[in-house]
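Presented sequentially are two complexes of subunit A, the first with subunit B as partner and the second with subunit C.
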Partner chain A sequence: MDWTALGLSLRLGVVTVVLLLPVAFVLARWLAFSRFRGRGFVEALVALPLILPPTVVGFYLLVAFGRGSPVGAAFESLVGHPLVFSFEGLVLASLLVNLPFAVQPMQNALAAIPPSVRDAARCCGLSPMAAVRRIELPLALPGIATAAVLTFAHTLGEFGVVLMVGGSIPGETRTVAIAIYDRVQAFDEPAAATMALVLLVLAVAALGITNTLARRAARRD
Partner chain B sequence: MNDNAGLRVRMRRAAPFVLDVEFEAPAGAITALFGPSGSGKTTVLRTIAGLQPMDEARVSSGQSVWTDTAAHTWLPAHRRPVGFVFQDYALFPHLTVRQQLELALGHRPPEQRPGRVASLLQLVQLDGLADRRPAALSGGQQQRAALARALARDPAVLLLDEPFAAVDWALRESLRRELVSLQRALSLTVVLVTHDFEDVAKLASHLVVLERGAVTAAGTVEALTARNAVPGIAGWREPAVAFDARVMAHWAERQLTVIAAGDLQLEVPTIAAPVGAPVRIQLGAREVILASRRPEGLSLHNVIEARVVAVEPAAHEALRLVHLEVGATRLLSLVTADAARSLHLEPGAPVLALIKAVAVEAFA
Partner chain C sequence: MNRRRGLLDRVRVVGALLVSAIVLAPLAATATKPEAASSPAPLVAAASDLQFALDEIVAAFERDTGIAVRVTYGSSGNFARQIAQGAPFELFLSADEAYVATLVDRGLTRDRGELYAIGRIVIFAPHGSPLQPDARLEGFAARIASGRAGRLAIANPEHAPYGRAAEQALRALGLWEAVRPHLLFGENVAQAAQFASSGNADGGIIAHSLALAPTLRSRGTFALLPESLHAPLRQRMVLLERASPGAARLYEFLRSPAGRAILERHGFVLPEA
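Moving on, here comes the complex of A and B:
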């Protein structure tokens, strides 16, 4: 059992969730409530990581974050080490890959709020920001929780993109998913089995939590 | 809470459908915006509340201007002293009734809010249900909660969008009563959007008829119905007058109530309202029989001396609509052209209007 890898995976999951949810909420709200030309295109763009092979996503991120790219060069001059094959690079990749898992549940939850309820918030004297805080956020809470659980679980399980962008540097980029592959390659089946079981339990727990939240959301109407 | 200022509304728009509306909702009165669906009524209401942009508009309440596109004035919706009751009530599903009211009391200092909540709940007869969420309330209770939440804003104007459309007939009647008594008690300025003429006849004192985005008639309900100037919405509307009267006396042993509007006195079946109480009367033109001599031996309570104002063609070529005057109160009578001839009905002629007590619809 590679505890360092598990710790890294959990850290990556938490950092991804904490950084991604606020950004994804703003994006989800924009997609749920605004009518503009090109909305379908933006939605497709957000959903892209769902259907693209992870290696393809990883390849493009590798190119975009590489030492020769503007993003990679800017990062390296600021921080002092390359973005690719680092934890920071992994986080950035994880944020982009998880966008659909974070945006879609929140977008659905927000779109389910009747327009009259949002109007009523304004007519009750709530400013747009107060309406977000006191009406939209609480009503979208099941969607937000689902987004968090899905993002966390998916981050733990991501393999292709992590391998492409991060490689397998112990303590820096070697996540549990990578470590399992690594152990199998080394014919260390018991270690692989233990770690696989940990991921299985986490996945089942995640599904259980999302289902409970979805049921609770349905019951309130 | 009410600066006794009427609402002045003017708006114009070219797309997506044409809207060209101007009217005034007097202070302390219920003004009905009446029209078929798609006539723009709800758009007008939303523009008053600041929920919808408009090409060209001016909305003012007394001295304060909420919208004036010419002067680039646009008060955001949450700063307008407006209470809005939505057609689907739009209660916040995650908040209890108490929390909804507290939320709408944000303009009051925190120490006043609990007291206001209690008195609002009492006002709409929801005390005891303060800690329920909307899902645990019946349709009528949800409507009352929405009304209380709108009143919590201490609104200069109360906007009601088809407030009775979602409840059944019996409940609608009692909710109408509650609304009228609340409006009178608080002398609220109300704009009511409806496609149901019963709402107009029973609740409104002023009427704005909206058809395809334009005002086709406006005035008091009494004057417009007396002129038969209210068009039918979704079909034909029977000519009928609606006017305000007062309870004059109860004759308990005969189970009759006498009501009066100016010189017009009518005996009607007992009304459950005290002497002196206002009562809204509706009387269909078909229910008024005309006579030249006082009849005898009929089951008739009301023989009214009236004067013919005008005789007009009616929708059917064999019928005439006779406009009558009893003092300042106007009545309509639908008779055959043959009867109009044989009774010599001409403007200025005296005539007796025979009105069955049961034909008088009284709403108190």
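Moving on, here comes the complex of A and C:
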């Protein structure tokens, strides 16, 4: 059992959730409440990581954030090490591929709030920020929690992108999913089996939590 | 209202779990590697034919010096690309000196490095495989002729030196075109060995150093292929720009009689000291 890899995966999951959820909430709110031309296009863009092969995402990340790119060069001169093959690079990749997992549950939850409720909030003199805090956030809570759990669980399982931009560096980019791959190649099947079981249990737990949240949300309606 | 509260509690539990994960993850990471806290352990990129030999060398090195080492195994071509793109490796043990040369040309290394071993390839067949390994691959040729041949695993010749040596040997024996539809490509030679020994293929052409490892020896039999069938696998190592003193000490250890003895025991031919 590679504890360093498990610790790294958990850290990556938490960092992704903490950074992604606020941004995704703003995006979800915009998509849920605004009517504008090109909304379908934005929604498709958000959903893209769901169907795009991880190797495609990884390839574009290497091109866009590698040493030769302006972003990669700027990051390297600022931080002192390249963005790819680093934990920060994994975080960036993770934020991108998890976008649909974070946005879609929150967008659905927000869209399910009856317009009359939001109108009432405005009529009662709640400022837009107060309406978000006191009406939208509580009502969308199951969706937010689902987004957090799905993003966290999906980050633990991400493999293709991490393989392309990570480089399996212990304590830096070797996540549990990569460690399993490495252990199989090293003929260390017992270690691979233990780690696979840990990921299986976490995935089942994540689905259990999201299903419970969805049921509760449905019962409330 | 109660239902609402129950949901909030649940969210709080999930939140608490997440927060404890933030706190515990670095703890778990440092608890397993005490040295990691003070100065990060030297980071080594090693060709995957070294999987077993280098594990043993690193264990001996850590025992002698108390310096923990982090090793990543993979294909040499892939590592050369990653290092050129800025991967933070400190020591690169390539299975092919050409990849080291490209890094030297780009000014990414301390010096020109040193030849540390010459690799050999074998044909490996797992127990229960209809294939009997022989040095001229006559067994596999006969299976192709009979139309019953299964898969033969090799490393990807495009970026894995052992895959290229396997391709050269198959070409030298005049079997390349006939074998091609039966080939199964591993990302590197360790994965090819894993495919070859899994029982899902007739066998594979893999590194001698892997075939000699107890885990593989218990799974099948092998025959050494003549060196004349392929260009020599001249394995070169080199310290990279960012090499720490710990990485330099491991480099010296690999050149020492103790390091060389372990390489030799794992089936490598040693270059002149």
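What we mean here is this: the second predicted complex is superposed on the first by the 221 of 221 C-alpha atoms of A that agree within 3 Å, B and C clash if a C-alpha of one lies under 4 Å from a C-alpha of the other, contacts with A are read in each partner's own complex, and residues count from 1 in each chain.
One rule holds for everything that comes next: a contact is a pair of C-beta atoms (placed from the backbone, for glycine too) under 8 Å apart; a residue touches a chain by one contact, two chains touch by 3 or more.
As the structure is a computational prediction, the values presented were derived from the model and not from experiment.
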Touching partner for A:135 - first (subunit B), second (subunit C), both, neither: first
First, second, both or neither for A:42, with subunit B first and subunit C second: neither
Subunit B versus subunit C as contact partner of A:114, first or second or both or neither: first
Which superposed partner A:127 touches (first subunit B, second subunit C, both, neither): first
Touching partner for A:145 - first (subunit B), second (subunit C), both, neither: second
Partner with the higher number of touched subunit A residues, subunit C or subunit B: C
Common interface residues of subunit A - those touching subunit B in one complex and subunit C in the other: 138, 220
Residues of subunit A defined as touching subunit B within the complex: 114, 116-117, 119-128, 130-131, 134-135, 138-139, 220-221
Subunit B residues touching subunit A - in the complex, by the definition given at the top: 46, 49-51, 76-80, 82-84, 86-88, 90-94, 100, 103-104, 106-107, 133, 135, 149-150, 152-153
Residues of subunit A touching subunit C in the complex: 3-4, 6-8, 10-11, 13-14, 17, 62, 66-67, 72, 76, 81-82, 84-86, 138, 141-142, 145, 148-149, 152, 167-172, 174, 182, 184-187, 209, 212-213, 216, 219-220
Subunit C residues within the subunit A interface of the complex: 3-4, 6-8, 10-11, 14, 18-19, 21-22, 24-29, 31-33, 36, 40-41, 43, 48, 51, 70-74, 82, 84-88, 188, 190-191, 193-194, 197, 213, 215-216
